[in-house]
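Pasting the structures in now, so scroll down.
Look for subunit A in each of the two complexes below; its partner is subunit B in the first and subunit C in the second.
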Partner chain A sequence: MSSNCSVTTLQLDSIGQTEPATVHLLPCEIEHDGPAEVSRFFTATIKDRKHEKTVSFRGRGLKGQEVSCPQGYTGLVLSEVNKPGSDQEDRTVKVSSVFHNLTYWNLETPPNSDDGIVMAMAWPDLAEAIHGPLDD
Partner chain B sequence: MTTKKKRTPHSQNDRWVVIVADPAVETPKKDESDPVFVRLRNPSTDEASLYLFGSGDVQLYEVKAFNEDFHSWFIGQAVQRDGRLLYVTPMDPLYLLLPYLIKASEEGKFQPVDQVVIDEEFPACSRLLSCTRSLASLHYVAEEKDVGSRKFHRYSQEKTLQWLKKKVERTVTALRRSTVSVGEGVKSTTYIRVKQEAREEDYVRYAHGLISEYISEDLSRALQTHLQLPELSSPKEVEPPSKKRKLSDKPVESAEDYTKFNSSDFARKPPKKMSAAQKTLAKVDKTGMKSMSAFFSPKVKDEKK
Partner chain C sequence: MDLKEFEADNSVSCRLASSVPDICKTEACCLGIDEAGRGPVLGPMVYGICFCPVSKKDDLKELKLADSKTLTEAQREELFIKLDEAKSFVGWALQVLSPNTISTSMLQRSKYNLNAISHDAAIGLVQFALDSGVHLKEVFVDTVGPAEKYQDKLSQRFPGVEVTVRPKADSLFPIVSAASICAKVARDHAVKGWNFPEQMGDVDADYGSGYPNDPKTKAWMLKYLDQVFGYPQFVRFSWSTAQTLLDSKAVAVHWDDDEEDGEKAAARQNNTSMLSFFKAGSKTSGPQGNTHQPHRFFTERRLQSLDTL
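Showing the complex of A and B:
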C-alpha cells in the first residue's frame, strides 16, 4: 500500500534543546539498536597517532580519522516522535543531537582520500553545480 | 567474498543520521511551518523518492542516502545499527516539474502550469510551485505566453536541452575542482589514489551521468546527442564482478517507508567505454582496488510500495 500522501514534519524547535553528540561510523554492522557503554569500552581506548587514530574493537584493529561536515552543513541525529501505527498517518521527527564532525573507522586500511565518507563530503559541491540557479 | 552474510532486517529504525544544509534547519519565520519530508515522483525512476520542503515550501531539498554495506553508528552512548548517512541538499525543483510539463505537451497546447502539475499519486507535487525558483525558471524549459494576467506554458525540448547543457557545464567545472576522479584512477602501492588527468570527454560524460539521475531516460539520451557525446560501442565492465560495489539499483532494504530515500550510495558504474590504456589496465588484477567513480552515483532507484 503506498502512502505517498503522508508527510513527516521536522520539528525544528527541538534543535535548541540538544547536546552535541560524539559520532563514530564503524566498519561493521552491529546488530543492536540502543544504549551501549561507548565511552568506557571504545572511546577510552582510542589512540591519537600522527596521521590516524587507532582503536581496537572486538579484537580487530581499526584506523580512523575525524572529518568535518562540509561548510554550510550541520550534522543532525533525527529521531521519531510517537511512531504511528500505520503508514497512512503523518509522522514527526525531532532533532535529538547535533554534530559538526564525525570519526569514521576503517578495518585495517589507513584513512585516505578514497574512503567513501570522504568522497561523500564532496557531494554538496556537486549538488550545488547540478541544482544551483544558472547565472544568466 | 561474493556471498553476503544473512542479516536480520532492520526492524524498528527510528533514528537517522543526517547532514543537512543549514538554511533547511533555520528557525522558521513566524507563521511559517516546520520543514516536511514528502514523497514525490522521482523524475528518473518515475517512482516515489523522499524530498524535503523547507519552511514555507520556498526551497526544495533532495534527500540522498550514502550507504556502504556493513556499517553502524555510535551516537553518544548508543549503537545505531543502520549505518547510512543521509544528505539533505538544495534541489532545483524544475527537475521534478519537468515530467509533468512533458506529459502535458502531448496535447501540444499552452496550459497554465497549476493545471499541469497535478498528480493523484503524489498530491504534494503541487507544492513544488510554491518554491521561489519554480515559476521564475519555467522559461528554461517551456515557451511562455501571457494571456491577460495569466501565464501559459508549453514544454520545449530545444530549450530544455540548452538548459541541461548549462547544467552539465556547471557540473564539469565542479568536477574539475573536486577530488572526484572521472576517468579510471590508478591506485599506488600506498593505496592512495592519484587523481589523473582526465580528458574533457570524461568530464562531460561523468557530468551527463550525474544529471541523468534527475531526468527521464529519453531526455538523457537526447541530451547525450545534444552534447555530441559519442555512443559507447562496446560496453565492458571495467571491474571484476566480485569487486563491484553493491550499487543502489536495488531498493534500500527495509520495509520501513521512512527509508525510501534517494539513491543509497553515491556509487556509480564505471565508464563503459575504455581507452586503450584503460583496457590494458582492466586486465590487471585489481584485487583490493575499487573504482573511484564508484562512489558517486546519484543512481536513483527506490521502492514504490
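Showing the complex of A and C:
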C-alpha cells in the first residue's frame, strides 16, 4: 500500500520453538484478539460421532470438519513482537505456532465440498497448473 | 429416578421411560402431560407423560397426588416412589430437553420457538406411548397459552383420542399431577447433579432456583460469565437474561444472519455500503477506476493477495 512504507519482518527462526496449534475457524466474527479458554469451553464440548463434529458457540449450533493445509504448505499463527506506535514504523512478527490442519465450523449446515475453505485449499494446485513451468 | 442416559450426554435431548404395564395395552387408558422447568434460564426443560387404565383412576387418587409446584422436593420424591411402586398399572415417559437443545433451537436460523418445541415434545411423547402399545382413550394436558388452539392441534394429530387441554390441569386431574411429579423430579435431579462437560473445575452449585429473578441465579451467572464463550451449556443462551448479560459483559460476536443495519454491518466489515456511492466527494472509484477487482474464483474462496499484515 502506498500509504504504508514500513517494513514487516517475519522471524522464521522462531518456528523451531513452537508447539503445533489446534486451530478452529468459526463462522462468526468475535470482537476479541487475545487468549481465550478454548479447551475449557469449546474443545471439551465437541461431539464427534458418525463422522460429524458438532458443538455450540454462544448458544448456536455448529457443524464442523477438519481440513488439511495443501500439500507442501504449513499454516502459521503470527504474533507481533512489539506493537508499533504508528503504521509508519517497521514491524516484526514471529511465528507463535504452526498447524497442518484445522477444523472449520459452519452455522448449522453440515460441511460439504462447496464450502469456501475446502475450495480455497485447491488453489495451490490450480496455481501450479496455471503458473508452473511446463514439464516438457 | 435414573438419569444416567441423559447424563451420558447432557447436550442433547433424551427420552427416559418406565416399562409399559401389560394392563395398559389391553384396557382403555388415560394419559396426562405436563412440563417442568419452562421458565428457568438454567438447566433442562422436562416434558412428562403418565398413563394408567381409566378403570384405575380411583387407585391413582389414593396416592394423593397434587400439583408438583405445591409440593416440597421431598414430597415429590416420595410420590415418585409411590408411582414407581404402582408400576403394575402406571407407566411414565419423559423427554429431557437439554439447555443446549433449547438454546440452539431457539437461536436457529429458522427460529424454533419454545411453544413449538413444547408442543413437539408433548406430541412426541403421546406418539411414543401409542407406539409402545398403550391403548389410549383420553389425554389431559396442562397448558400455558391458549388452550383451545392447542387442543385442536392435538385432537387433529391423534384422531380417536379424547383430548382435554386445560390451564392448571395439574391440580385438576391426578394423572396430570402424576406427569408433573415425574417431570419435576427429573428436572430437580438433572439440575442438582449437572455434570459440566466444560472443564470448569469445582463449580459452585449454589445457583438457586434457576429462575432469572432469583438473586442466587443472577450472581452465579455473573460469576461464571466468560467474555469469549459466554456460558457453559448449562445456561439457556436464548433467554433474555443471558443475552442482556452477554451484551454488557462479554465481547461482541457477529453472525452472518444477524439482523443488523446493513450500512453498519458493511462499515464493520470494512466493505463499501451501497449508500456511500451517493455521498458527495466520495473517493470510491467507480467502474472506470483502476482498482483491480479480483476474479469471482478468489472472492468466493475468500482468497486475497496480501501486501501487508
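Assorted remarks:
Heads up, the rule we're going with is that the second predicted complex is superposed on the first by the 128 of 136 C-alpha atoms of A that agree within 3 Å, B and C clash if a C-alpha of one lies under 4 Å from a C-alpha of the other, contacts with A are read in each partner's own complex, and residues count from 1 in each chain.
To be clear about the criterion, a residue touches a chain if its C-beta (ideal position, glycine included) is under 8 Å from a C-beta of that chain, and two chains touch if they have at least 3 such contacts.
This is a predicted model, so every value here is computed, not measured.
Contacts of A:G61 after superposition on the shared chain: subunit C is touched, whereas subunit B is not. In the superposed model, A:P70 makes contact with subunit B only, not with subunit C.
When subunit A is checked against subunit B and against subunit C, the one touching more of its residues turns out to be B. Using the contact criterion defined above for the overlaid structures, shared-chain residue A:T8 touches subunit B and also reaches subunit C.
In the superposition on chain A, A:E108 makes contact with subunit C only, while subunit B stays out of contact range.
Of the two partner chains, subunit C is the only one that A:K47 touches; subunit B does not reach it.
Across the superposed pair, subunit B and subunit C both touch subunit A at residues 1, 4, 8, 27-32, 36-37, 39, 42, 78, 91, 93, 116-117, 119-120, 123. Listed in rising order, the residues of subunit C touching subunit A in the complex are 9, 11, 100, 103-104, 106-109, 197-200, 226-230, 232-233, 236-238, 242, 246, 251-257, 268-269, 300-303, 307-309.
Per the touch definition, subunit B reaches subunit A in the complex via residues 7-8, 11-22, 25-28, 33-39, 48, 52, 55, 62, 64, 66, 68-83, 85, 87, 89-92, 95, 121-124, 133, 137, 140, 163, 166-167, 170-171, 173-175, 177-180, 187, 191-193, 210-211, 214, 257-258, 265-266, 290, 292, 295-296, 304-305. The part of subunit A that touches subunit C in the complex is made up of residues 1, 4, 8, 27-32, 36-37, 39-42, 44-45, 47, 56-61, 78, 91, 93, 107-108, 116-117, 119-120, 123. The part of subunit A that touches subunit B in the complex is made up of residues 1-5, 7-13, 15, 21-39, 42, 69-70, 72-80, 83, 87, 91, 93, 95-97, 109-110, 112-114, 116-117, 119-120, 122-134, 136.
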